[in-house]
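For reference, the structures are reproduced in the following blocks.
Here come two complexes built around chain A, the first alongside chain B, the second alongside chain C.
After this line comes the complex of A and B, so read on.
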């Protein structure tokens, strides 16, 4: 028998796709071209709110190289793409609800001809008064963006009695916060390619987070059965939620033109189009009232959230569900009321972005927690520890947490790191006009889809062991740069007791794996990982049967070595031997694994119940230096302490968190999406500033608290979104501590710091 | 599709001939960091693009009898490391403050000057060095001071057939302080919200020659003559330096745009000028050290 294989889970393994990406050999959508392929350009309404009277194509079609165009009249199936609420047309037929609402698609022999053709499509329209802010949208006499009014989403939690909680409070903090639109800022703009099949089927290739969403959208718009639509995922140059729902719209439009012309049709958005057209993080107004006793025990939280959902609801009902559940923070609070409302406005739809409605509420909640701590005379860490959710605690939705609650450990580590819980949070003069201080923020994050997405919360994997002992794996969740291919290879390797190199995890192909729901909610490791384990278990059972026929009835699978162990320690069949034996006997070594996330349900009225199956936790510590004369904020050091259960790959996990810190610094200090009169002003990266490598602290540290989750593969929970969630809150608290003025609005405005100091 | 003629100039002569031929229909290309953006956004539609990056005499920099000349096609990275700019820290720091390493490796002095952005980072340093530009055409050569050259955003006295061949300035002599400072909204790839450069000498514990210039605070980069006058002949004091900052703010007449408000620009222009003057007084009069230092 072979010696033990070094476990892959927990090992430092570079991302399997990092070398080709570094060398520039990865083939992205931009590099994929087919013979006879048309290039397509979308035609936008170009005005925030209008009634479309006519769309005239002849001038565009007369441009040299332009081949065809599609409008709502060309859609063979339904002209709809609404994901949760059915409010969005594929091509605008009557009312355009934002600047980049799509009216038509022009296909041409070259990208230049397509964009010239698109600019020549004549749109006759009547401008309607635009609704630009939530404040306007809420007014009863406001023009309606959709026929049922401007309120798109409403969510609630009611636990205990907040007025009773307030009576028992010695200290109450009441404050209003605002958070901005945030753009995903992925390197690769959205693109896709639709290839019509001779048999009436269609194949889509796209760098998309959610191939199964695309399959449904394309089938619906073309009026095809799902079986006739195949979606193959291409390498994704970053997504962060931005390639969750938006690619479905684009793919369905390309599919319409592909069917109309019988030719492959591709588009890749320009950066300007991507910034103006695609979804963003929800901007919010957050009204918080929270109280505590003299001893620092939280008594109540009364929270009202108002979000701008943009022109269409898209994913807002689910995003705002998450905001609502997470609004009271990772604390035990006896009396809670959260009401959340999302309003339509004439702006780009707000959708999924890393954290999915959580960074906003964590910023508000953690600011108020710091203020209450100060009133109660406790250090910020001590106050959090006193109220922190622990094993056995009850959450705001009345869910009892029975396992894997590592919040206290993250806070304890933060305290140990700082060495002190009060002085560290005081302002410390650093120069003539500069002052330093520290801030912390904690969070919880419900992993996977939870009660709002329970029907979709399952996933599959197809594992095939080939005759040379190598393993081919197909899963239903995508790698968008977060390292799923690598981590899932490690899980497959350890499930079989073989080397990671022998495993190849393939990009998603909807023709091969069962519908596994979306690649979102930090769920890939858990869902695809568990599905792989299930598939491997099925195959191992068959191998053991074969092994038993040779080694006797006590034969068992040996995951530490790979292969079958016999009753005696020296007897057994190594992995290659048992694989050969199975092939010789014509045993099926393929299996489809399946994993269903344990059920979560909430009461529709009170929002009470089990919101998510398991939670990740984190505490971030930020040290900043503030120039009081210029308002410049410099993040001097940043420590992120995460409980995401067992870390499958410390290297990719660390880089995942470092990326989250960078993006969180952007949300806290830099990113300002400018819009005037319903038209986007930030149309490039010189007017929408994201932090560069010089703006990220040189001193980033990432630590993990290994708090196993029984249901997770090898004990893992989710990490992708927790990485960004507390970052802006920790920086805001640090800036508030340094300046003595509470930060109420993100991004932290230099001009406000200058005015206040 | 944008189409234009291209001229790959091999010599200064060829540049000037092409300019004479195409005049205002021509665009000069060196690094392309501004031109490509202008073409892409349709703000410039040249009939001919003349590439001058290959012309040797435009890439020269030299010192001749104390006068430094920097060729128009010298890149920002080169400005920061050329022997001839050693000790002229305001110019080096100004070049370093531009864009990113990639932009500095191709963007050129002449491009930054001719583009005439109010926020251009090379203007304040060249202005406090009293630099002149050499402009040439087939008709002849003339020299123009920077203040005379730039009239407003993108507006210069450059004639359609003229080319900036070099910027020339006298190396400051003796003991002096020179520095540059910039406020951008981030630490790289940031267009200045305010920038400033100073050169300062001292005599008998007093400010002697003081030159201050600021950018992004008016339609064009400006010399702060009143502030210079305020400081000249005065002993440094905290009060005086604060006054210099306040007076700078008053002399500024900036706009509010997507990057910053008028008020903020005025405020921070004053802050960076007073910090530079503070550095100058510390370097020249307190420590008694020789040499030039960054802000």
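After this line comes the complex of A and C, so read on.
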């Protein structure tokens, strides 16, 4: 028999799709054109809150090159796209609730004609008073954005008795924090293409994280059965949650126009449109009260979160579920109360953005933890270690963690790295007006959808072994640059004991794989990975049956070599042999694998129960230099220590975390999404500043603690979102340590540093 | 009013009639069908449309096609030699400098210019050179490492 195949899992393998990307031959949506295709432009309300009286098209239609337009009157099915709460029209029919609420879609022979046409659509409207802030939206006499009022989402956790916890406390910290809107800033603007079929079916091509969401939205708006809508994922030029809910709306609008005209219809947003129209990270106000005993044991946490959900709820119920669960941090606290409220305002909907409601609460919680540590006279690491969740601990929702809890290891590593738990966190003069210090922040992250997304938390894979021994895999989760195709190839290779380059993992095609839910919540490795393993197991069983008929009943699959091992060590069939044997005997080497995430449920009233089936953990260490004269903050070095279970590919994993650190630095220091009177001012990348190569420390380190998860494929947990979560918190703590003034608002205001220090 | 211009693109002479307001980015992507050069913003903020114009890294979205008349334009499509990645591209692949890949063509062109002018750039030189090219995925670290590795390779 041939020698052992080097395991792919755990190996550094360059991204399988990076070769064409390096050549410039990868075709993104902006590079895809079909014969007869129309270019479409959306028409927006252009005012934050208004009643639409009429939409008049003739002037637009008279523009040379304009072919057709669609409004709410053209929608064959339901004119709705609400994802969790049914509050959003596909095309506005009566009330426009934000500046970029879409009123119509214009299709033309060229992009220029389409955008000229769109600007010529005449909208008669009556302006309504806009509701611009959560403070306004909460007032009882505030105008209602939706008929049931402005409160869109409410979530709660109640554990123990907070007032009892408070009486036992020697120290209490009470503080209010705010966090900003954050824009995803993916480099590829959103786009999509809808192609009508001759038989009334429709095909959608889009760089989208959630092809199955699109399928549902398009079927609903066109009034078609799901089987007549096929969604094929195109390469995604970055997403970070931003290509999760929004593509469904765009695709459904394109589909309406494609059906109306019988022609393929494509749109690619301009950067300005993308910034103004698409979803963002929820800005929040966070009221924290937490206490501890003089020994530094946490006694209670009483937390109130107020989030701006924007004009429509989209994913807010699930995002704010995650905020609520994660608000008390990765600590064992006997008494907890968290109440979260999300309010509608006349602004772009807030949806998913990497971290999904968690970076905000981690910033607030970790700031308070640092303050309590100081009051209790303990170092920040010692204090965290004392309260850290461990195996056997009970979380804020009363869930007992029975496995894979690597928080203590991340903290211990941070302590070892710093060499000291107190001095490092003192201010250290660095120049005439500059001072340096260090800050840390820890987090937990519930992997996959948890109790709030229970029904969607499953996924499929289709694995087919071809005649030549190569393997074709389809999964239901997408690669958006994070390296999913690579990691899943590695998992498939090791499940079969073959080389990674014999495996091709294809982009998602809803016509081939079962509905696998969304590509979010760092769930792809687990869900698609486990589904691949399941499919491979089914195929291996069939191979073993064939092998047994040749080698005898002791035949078994040998993953270390690939193929079937016989009873004697020198007998066996290599992978190519068993494959051709199966083909000769007409055995089906195709299988659909399925994975269901272990059940999670919470009590509706108390929020108690199992929130997520497994958690990732991390501790980040930031060193900053603060210029006390100008308020400028530089991140000098950054260490991220993650427990995401088994790391399937150390290179892509490290790269993921480095990207998360950069985005977190942006959130902490630079990214300010300006809006005035309900109109977005940050309409380009020179007014919305995402970090450049000069803004990121050249001293980033990423380390992994391998805390095996029994349920994960090869022991893996999720990583994509944890990458960003503690970053801003660690930087804020470092700045607070350097200046002696607690950071309460993100991004960190230079003015405040200058004024207070 | 169209004007006839002549330019070389990756060594091939091209003659085209273009509208004076057409950008070099449009010329490449739409007239020549060379879609390797990306459009991330159209207004000079992101660097994803970077090409070399007579050897100088240039935002093609801010350059009129007629300004390229008589010039040599180099794009990402011209980097690989007979289908084989050059050492810079290879370094990007091997060092994990590519996630979504949307910034990659522009990054590669900026780095090409840098390495031609400065065979042994320091890490700061590299960071300064690519500071007009946004990347939202990688945090730049692996891109810097790849460029450094490629520079050592050509030593």
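Operating definition for what follows: the second predicted complex is superposed on the first by the 757 of 757 C-alpha atoms of A that agree within 3 Å, B and C clash if a C-alpha of one lies under 4 Å from a C-alpha of the other, contacts with A are read in each partner's own complex, and residues count from 1 in each chain.
In this section, contacts are C-beta pairs under 8 Å (C-beta built on N, C-alpha and C of every residue); 3 or more make two chains touch, one makes a residue touch a chain.
The shown structure was predicted, so the numbers you read here are calculated from the model rather than taken from an experiment.
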item: Touching partner for A:686 - first (chain B), second (chain C), both, neither; value: both
item: Which of chain B and chain C A:674 touches, first, second, both or neither; value: first
item: Partner chain(s) touched by A:328 [first = chain B, second = chain C, both, neither]; value: neither
item: Dominant toucher of chain A (residue count), chain B or chain C; value: C
item: Partner chain(s) touched by A:593 [first = chain B, second = chain C, both, neither]; value: neither
item: Touched partner set for A:751, first chain B, second chain C, both or neither; value: first
item: Contacts of A:694 with chain B and chain C, given as first, second, both or neither; value: both
item: On chain A, positions contacted by chain B and by chain C; value: 686, 692-694
item: Chain A - residues contacting chain C, complex; value: 14-15, 17-19, 21-28, 30-31, 184-189, 235-240, 270-271, 480-483, 651-652, 654-656, 658-663, 684-686, 690, 692-694, 696, 698, 700
item: Interface residues, chain C side, partner chain A - complex; value: 29, 35-43, 45-46, 48, 75-77, 79-80, 85, 89-90, 92-96, 98-105, 108, 123-124, 126-128, 130-144
item: Complex contacts: residues of chain B adjacent to chain A; value: 1, 100, 183, 185-191, 258, 260-261, 263-264, 267-268, 271-272
item: Chain B-facing residues of chain A, complex; value: 112, 116, 433, 629-632, 670, 674, 681-682, 686-687, 689, 691-695, 750-751, 754
